[in-house]
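Going by the order they are written in, the chains are A, B, C, D, E and F; count residues from 1 in each one.
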């Protein structure tokens, strides 16, 4: 790849992946709404508000692949979610359509299905059950991406990320955790498979206590290697085990279930 | 019911249903973004931009049932769809939550699934395949409504309306047509069933050439009586029969499939 | 048929059906644990405790068809249910096995699946979810009957009766009601079809607001004619409409959901 | 339609339908391997061995619709089935491909699924279970037709005919019977629907005791009107009711189940 | 855990597991209807007839976890099965309900589904097909446990044990075998997962020739390590390979299929 | 096994497997329509045209197992396919039926389902979608084998071979490749399992990018060991990566999709 765009590059996940993308493309264009810090030799940085159509057009121009982690990634006020995750995503897809339709990895979320219980095993075609406005915005994103695929042929990987961080932090994340290494190998599969299509991909490592069935995307050849289980003792020591009726033990969406609708100012 | 809110009351479908709602509630509050014409004795009229949160709050206050036909109902610019169908819907649900959670009928659309072929028979749990920005906005709406149901108990009927008009106008509508009478009887079922939940309901009459399976909502007791078939001869006489490869004969979404993304000004 | 056995003939449903069975067989052997009242010319009466193996053997001897309505038919102490519905059913099947395996209609119940919600549409293969000890005893009965079918070839119709009575008495029964006439026509189908097998049959009339799918037993040719809907106005007038969260509006099992486990003396 | 080809026009079903096709097309080209008797004014007759490629080419030339009832329609020697139903079908599809791909109704058969039991309710996607060489040849035909559809766009209706005759003759046919009138209305739907595709259609009337689910082809609008049930008394009087273990009561394929493989001379 | 109750502790499986439970709880209360032999320092022994309600109450009192292996575990007279597996289970669940609802592992059995063929791959929601009275009693147990879960919140693991023994003894057990180590690790998962719910769990090791799909309980994190395959040569040497039509090669229930109904004395 | 018949022994796959079969049976009878080259001590060779019934009878006589790789294995003229794959297969099954019904491995093909896309994950019960006349002939073969199983008890493994060769040659074969070693271990499982039945088995190695789910045949205990992934670098170096819209990247059948119908001479 010549130029790979990474949005949300200053966020938690973006920062972690940014360093790992070197070698995937000649140039990694990193972007965020805030300052992007020190820019490496293989990088170019662009500050961009996703809600700004013209800025997004410039952002996408010249890229032949996009990893879209940008936007609001937790529960927040609707106005903020609307700007970044609804308008922002529309802007991104229009920009992509105008620029040769580079393949897109869209960071969707487990919060599209947060109201399923943890004792339910999900496949990718079960109806969505979002657990808040953030989750609803990701349902919108999946629908938008699918429409651009069917109408125009734009390929997107709809990655329903669980908990992508250095290590799991509580019992629920023993199920939802995805290591940075596994995410990286997933990225490699997504951008190298001859035909991607527009699949839902569950974004978790090869955890013993997983909830999600990825067999439908076996064609990608993704083989996650990590397993949150090795952190169990550490978590048992640090965090009280939830009770059977606790939200964090009942629902896949965990604490988002109890989030309120955030008031506008 | 004391007060039933009808949004989109000046639109095509809204105008047709407005007159039929008398008797369902003591007062029918009719609303639209444009003038509502002559107001009947049992009506009260409120002009309202759905994108205006405060106005929507006033609109919903005091209502114990809502038929939400308002918003953009065809393919349009994203900015207009965003204001009316995304922000507007959020405003409506927040207003409902603040006002006792009156039961809502949400006018979703067959354009949430427009990319299925006409020789496919759909159930309500098949993944959505929207055919344009309008369809995507309805996917958003269904996701939002479901989240409010699971999080707060707000009941909504997600009515995927086919073609609700006086009579079908082309061969495709022999399958998608819903008569005004059948829509009215559906409304009566939705607002009288002891427990509604948050079901998807396919909005078409008892047409011979239907594509959609409503057996999962048998509990509503809705019995559509009309059948588009009686208009076949009329349509055969007036409209050329499509060829097997014509968009209008292939896809459930019909002409929306060929709609472009409308440019902003 | 020469001799048809009707158990539970003195119960509510048994009494209603008893008179209607004339003509189905030369002799109708009526049985119950209590006195059976006046015996018609085509009848023979036998008082029998189903828990008494020898008595049940005598009961079944000489019969070429059995309608088994006997046993406990509401929530009760386990000791009583065990005697009549567990031991009693075992006794009945052993007696049938020793007497030429006459075809059996077993009165199972909607309380085998009472914990499904009323907005769920059930097919016959969904896992059972009983709502009390009575429901559990009917799950046992279905399992026992199936075992006798697979092991020995004993045919049984597993009729999950909804509410078989003269007319529906509340809003829930608008869905669960089965008229006596429809039950009678079902009985005729069950005993005349060349091969019965061991099917689950949902026992309700052709109600507008039904919850259960009987298409898998189309081979029986049963065509229920009645529709509880004609009693809606009467029920609306006599019974308050339940609220969305009331047990009787949420669960298919209705009031059984709230039944306690009855204490032994 | 200008010219409709009917093959097998001298067979049992062909003879019955031949007279009813007048009016569907300006010319009905009737064909069989034997003499076709008196030819009506709207007809043209061509004797043709389906195994003769050149003859089949001439047969199809100029036709814009084909009802293919020709070939062997009962269990027979493999050599005969191979010539008429394997080679013959290949010849027909090649001729169609060379002649503008007229829409085809292919007479498949319930003997493609004959080993399912009569207490099983089938949908069109269940794996085939043929009951003899004849049934296997129809499985071949369905596969061939589907390949021509996917590869070239040739549309075919795969009609799994039950028992299409003047009236049902035994208890099994109370389930499998299709009246001539219902077949005719199906033909009209097949040739008038804008897009046919390549669907499996179960060929039976609206019998009370049906085994097959046609809801997936609701888009055709076919509404069978007849019901074998009205012949039940007549059959009960004329034919002994089968026992539960009799082949004719156990398997959907009925007597074909017991057919041997016919020896070549 | 403070006190873990093990019923059936003197049986074959109970004896094997008893020694392995040390360390799972401060006290292991072992129970059976027969003498329990030498009692270890971490154990307390209680002889108990499961049919004796008061005795079962005392048995359960003070326990915060229950492994219920007790009762009849092979085909037997109905009177014995009724006392231990029907009445006994009711007694156990009532005692649990009165004592804080400790989590229960219920030893269900593959004989709940014994009539499936060995070339069928089962998921946990397929209808039960018991192969004898013992299997029927386990169907009852699963139904009872589920009712207590839905009605009262009592959590139970419904473990359909295959063949839990030191090593497999015949070709069928190459599929059904569960090692003691794997059962122990399953027990640990069941009692440590934050929320158990009421799942069916297939009880077999990670055998090459398994018949059962446990992916729905991935959330438990159970990772069986053993594989019966390493005993194949030993079995091939000691036991004649069954023929394709032998009961032990056809049905999952194996020899139970041929068991008679045992006569009462 | 005494005598194992290998047909197609001079073909590409046949030649490769021929040497590996030593030890599976005392005698390996190798057969083809062309000369079979040097015959080993444990072999006996028979040249045979599968279309010659008498020759096939002699071929099968005395064999207690058959690996049927013979016939046309690529797209070809229908006349050749008909002789070898239709008539030839009928001849083989009739010969087997007359000779004690030795267990058969039938080389079916991925071209029975070639029109599925590569981003679809298939189970064995999905409707067949052949991609040419060769694929259609394999659909015929599967139907014929199943009929002989249900009618006569003849066991067959329907192996839908992907690409069985020394190593994969292009990107598509990274998914479809089956190593010779894995095929050999599959053969061992097929001929040693006590009861085979008539299963569809997907014939590919344990490739990272597989498309097919073999969990339903877990009972065979087949554990493929090879993984095409180790050839990825080699293929990337030698073959241009297909574009998303290339036939070889879209359809499972790969290049066969574009094959024409071959003209007869």
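Here, contacts are C-beta pairs under 8 Å (C-beta built on N, C-alpha and C of every residue); 3 or more make two chains touch, one makes a residue touch a chain.
Just so it is clear, the structure is predicted and the values come from calculations on it, not from any experiment.
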{"item": "Each chain counted as touching subunit B and subunit E at once", "value": "A, C"}
{"item": "Touching both subunit C and subunit F (chains)", "value": "D, E"}
{"item": "Copy pair subunit C, subunit E: interface residue numbering same or different (half cut)", "value": "same"}
{"item": "Centre-of-Cα separation between subunit E and subunit D, whole angstrom", "value": "53"}
{"item": "Separation of subunit E from subunit F, taking each centre as the mean of its C-alpha atoms, in whole Å", "value": "42"}
{"item": "Touching pairs - complete list by chain label", "value": "A-B, A-E, A-F, B-C, B-D, C-D, C-E, D-F, E-F"}
{"item": "Subunit A contact footprint on subunit E (complex, rising order)", "value": "153, 155, 192-197, 199, 215-223"}
{"item": "Subunit A contact footprint on subunit F (complex, rising order)", "value": "117-119, 121, 171, 174-175, 207-211, 213, 229, 241-246, 248-250"}
{"item": "Subunit D-facing residues of subunit F, complex", "value": "53, 78, 82, 86-87, 90, 94, 97, 112, 115, 125-133, 135-136, 139-140, 143-144, 146-147, 150-151, 257, 261, 264"}
